[in-house]
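In what comes next, chain A is part of two complexes: it sits with chain B in the first one and with chain C in the second one.
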Partner chain A sequence: MPIARLKMYRSIANRSLQNVLAYRNSYVINFLAGTINLLAIYFLWKGIYSGRTEVGGYTWDQMKTYLLITYLANSVLSWYSETAISGKILDGSVAVDLLKPIDFQSARFAETLGSSLFEGAQSLILITVFALCITGIAFPGSAHVYVLFIISLLGAVLVKFGIVYLAALVCFWSTGSMGIVWTRIALTNLLSGALVPLVFFPDWLERLALMLPFQSIIHTPTMIFLEQAGTWESLRLIGLQWFWGILLWLAGKAMWSWAVRQVTIHGG
Partner chain B sequence: MNETEEVFILSIIEARGLSKSFMQAVKEPGLKGAFKHLLVPKHVEKVAVKPLNLSVEAGETVAYVGPNGAGKSTTIKMLTGILAPSAGSISVNGINPYKKRMENAAQIGAVFGQRTQLWWDIPIVESFSLLKDIYQIPEAVYRRNLEQFTELLGMDEFIHLSARKLSLGQRMRADLAAALIHNPPILYLDEPTIGLDVSVKQKIREFIKKINEEQQTTVMLTTHDLGDIEDLCKRLVIIDHGSIIYDGSLSEVKSRFARNRLIFFQIAEPLPLLLEQLAATPGMKLVQQSELEFSVAFDRYEYTASDVVSRVMRQGEVVDFRMEETGIEQVIKAVYDGNLELSHSGNGEVAERHAYSQA
Partner chain C sequence: MSLGRMFYLYRRLYVQQLKAILEYNKDFYILMCSAALTQVLGFIFLWVIYDRIPDINGWQFWEVTFMYAMIFLTEGVASLFFEGTWRMSRLVNFGEMDRYLLRPVPVVLQVFCTGIGINGLGNLLIGGVIVWQSLARGHVDWTAGKAAVVVLLLVTAVIIRVAINLAGNSAAFWIRNAGNAFPLMVHNLADLAKYPITLFPQAIRILISTVLPYAFISFFPATYIFGKSEWSGWWMLAPVAAAGMALASYGIFRFGLSRYESTGN
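Coming up: the complex of A and B.
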């Protein structure tokens, strides 16, 4: 019964959303931290641009837009989902999940979507406030760019989930998640374009980054929003996101069943 | 051959030659040992469960007891499908729990005392309604169960709180309800009353009993709490060092091993001669607390209580006396301590190997 299954995962997403909403104080703090972070990055780049009209082909107005979109794309699927998955593995409560007639990976993805909805909404408010306060944001002119952009954001979530999930499963073989999470974040930030746009990289690194899945998370949505990619190029990039998303999903599935075999044989 | 096959179909839980061994890292002591292990890790095989047979009929309540590390939890984990057996076969309601984990998960309920399946930060009732979607419970069944469970377990005072705000007793009640909300035919309980106060224990036991009677739910329970066993289980399976050392009815083990009685006396004046006599009598054992207070332990197949009491009363004035029956508690404690060796012969008959000398 696929409809009943869908309902079940929707229900999980709903509970996950409720769960993040329960932390009232923590989202005030998150909001504050996000604001400070965004301000810091903004002024850093403002400093870099002082006396220049262009850096690496980006005007200051384009860069401002780039920063806001990066912030939005990066905020969905953040700390909460990341630690929720690895936490389950580390404290052994994964055993409780094994006792349920649900697919672990799909359930975690549903949870991620639930919490991402909140995280996304939160940062959308923040960047709207920012966009109103500063001038020169380059909004796209035509409606279809927005549609493509939203689709690419969904693709970004799928790819990011794939990477986060694989990283979390590594916790089956380690006793802590911090090292893994920090490594994961550093790699993603560098290779996705969250730190600097990929065109700023030396040629070889840019080419390498474009061959890896990370670029789907930041590079793709920003290229689309800044209209640096035409319609066909945008569709190609979105197709690439789905390619990576599905590939990572299958890799996650394989790694999970292997890990579970290890755990069920050697004891958790 | 035909007969065993028939049993295989009838029993709801059937384990044959089930065993489990783990690879355990051996490290030599000290820094040197730690380095050595880093370079050339050494492992030894540790047998957690030796090949065992177990069949549980539908509707039975079975207490699965044994000292810590005896292999109880390992067996339960294999039965629930979250641990793969090293050898042997398991069938739970016709399903191999390890091979078909999801199918098996749909037909069982489980409470592991230390872990919760409730969402930490949302109201309990939301966790329940999520389970409704996970197990695809029809609305009417869900409503009825929720209502009944809420009443029986007294959950209305906390059903709208999140799990993090609950006391241990409340959380256990909620977890138990969560494990049964989909009417599973089989329920596994791993130390369900650990750390709970008497009244909550009572509530939980009554609840389990009721569910077992009304829905014929098969219950398999591990516990260190002997009250759980006496209240809930007609059948007792004792495991020690990975082997089942007793499998039979609770009343049988009681009548067989609770054969010694203990009478406590308080007398008006010291009677050293009597005490000497009692201590010398075969089949009796004297435990002296003070000059005026002592207990006599005796084999109730050799002496009657009136024998013992009249012997004392003939010689002096008895201020007070009280009789204590050896409960299942002492029997199991004796097994744990290794003082008593039980062996089972198929149909649950008990054979004694050790002389039953210690009182």
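Coming up: the complex of A and C.
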């Protein structure tokens, strides 16, 4: 039975990948929009660093690396899952999903993984092009850092899915998703370190951010890639990612079973 | 059609949309707050950076926040009063433009009133506050003439923004699919004008001061207001850019409309 289940989720993931490929035009444009943003931020930071060797403990080379890693971690699991889950709830097709003998949350996670493959590959290409054009990217020296980094990226996807899923379920109580999506993006960008490294924050905000799950998405992978965390510290951070990932997963489950009852009250 | 009549029609059409929007008021608040939040975030970013360094390429904190907020302020006005441009791909793809063509009212006016982006209110409010704070704290030598020019630059900024939106969304006449993200890309290029254009390579500078004159919304007004001598006089091109962009986008829209052939059924 478990193997049959796994197969089922694999085919869901596969279907979602094909879906992304079928609508690749909008992905390419989304991708270009991301590139514009990356360019703007890159030149802004370049201006910030002109005439300075380090800002907030980061050298310019480290900051360049930070920007690229942030871009990678942010683009894996981006637009697709965000709109796919809330879309199902808003247009009512979630009713059909309720009839299927599949766990809604796991199915959505499988879908997310499928599209993440495409989105991740896409941003890897962009980052490689970028890294070839600019010099001074700080690549880590030893192989085990890469292994830890990839594990932390997976952890980041898990945590981000948890947050996105919870945000999407809020759509049971609203009629549109844009506001919720924007709020989610704004909060995540600020508290994960996507905007600026967390050490740039004033003390209280940095401490607050470190206590919340958001930091697992950007802060953890960048710390590991820039070798600002030693091996043990990295393992601790990854453990923390899994802690948050599982906690958010359970929270999503609880919220789902509560939300579904709301749907029945409305009469479908 | 006289300008007064156009304005009257615009108001009537707009109020109808407003009634529809107010039906769903939970969304109304969420959208407004989320737009404001997004913008405050960028402000925090600049604040955190300037906490550590005194200037970026000679630009002070309140000078950069002015540019940043101008982009949001004009976006707020555009989505609050001219959101309809963003519904154009829908109008074209579903053949709803037919209805507009039959009425004795300028089509572009009807397009403008096809929707209201209530998130614009959040952008407008927060953007307004930041622009006002930047002007109040940014060491500006005020004279009556300067104040008049600032008002003029605000108006041209809004015209430029709306014109670019209209031009970008007119792509719907050529790219006939529902997920057309071309206008979004044009819109996102405004991100580049949130910061001093001197940060960017020549090619980008030229792009955002000519073809898509976003720099005349933020950067060039800032050079005038904060008295950057090396750019003195450049602001005078802002009305030219506004007029040029308005004419060009209306031309593109008309040309696209002439290619419009409704849908099959």
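We take it that the second predicted complex is superposed on the first by the 267 of 268 C-alpha atoms of A that agree within 3 Å, B and C clash if a C-alpha of one lies under 4 Å from a C-alpha of the other, contacts with A are read in each partner's own complex, and residues count from 1 in each chain.
Basically, a contact is a pair of C-beta atoms (placed from the backbone, for glycine too) under 8 Å apart; a residue touches a chain by one contact, two chains touch by 3 or more.
Everything quoted here is computed from the prediction, not taken from an experiment.
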*Are chain B and chain C a fit on chain A, or do they clash, once the structures share the same frame?*
fit
*With both structures superposed, pick whichever of chain B and chain C touches the larger number of chain A residues.*
C
*Touched partner set for A:141, first chain B, second chain C, both or neither*: neither
_Partner chain(s) touched by A:18 [first = chain B, second = chain C, both, neither]_ = first
_According to the stated criteria, A:50 is in contact with first (chain B), second (chain C), both, or neither; which is it?_
second
*asked:* With the superposition applied, I'd like the minimum CA-CA separation between chain B and chain C in Å.
replied: 9
*Could you tell me which stretches of chain A are touched by chain B in one complex and by chain C in the other?*
23
*Which part of chain A faces chain C closely enough to touch in the complex?*
23, 25-26, 29-30, 32-33, 36-37, 39-40, 43-44, 46-48, 50, 52, 55-56, 173-176, 178-183, 185-187, 189-190, 195-196, 200-202
*Touch list for chain B against partner chain A, complex*: 22-23, 74, 77, 80-84, 98, 101-103, 105-106, 108, 110, 112, 115-117, 119-122, 126-127, 129-130, 133-136, 162
*Touching residues on chain C, where the partner in the complex is chain A*: 24, 26-27, 30-35, 37-38, 41, 44-45, 48-49, 51-53, 56-57, 119, 177, 179-182, 184-185, 188-189, 191-192, 194-196, 198-201, 204
_chain A to chain B touching residues, read off their complex_ = 1, 4, 7-8, 10-12, 15, 18-19, 22-23, 92-93, 95-96, 98-103, 261, 264-268
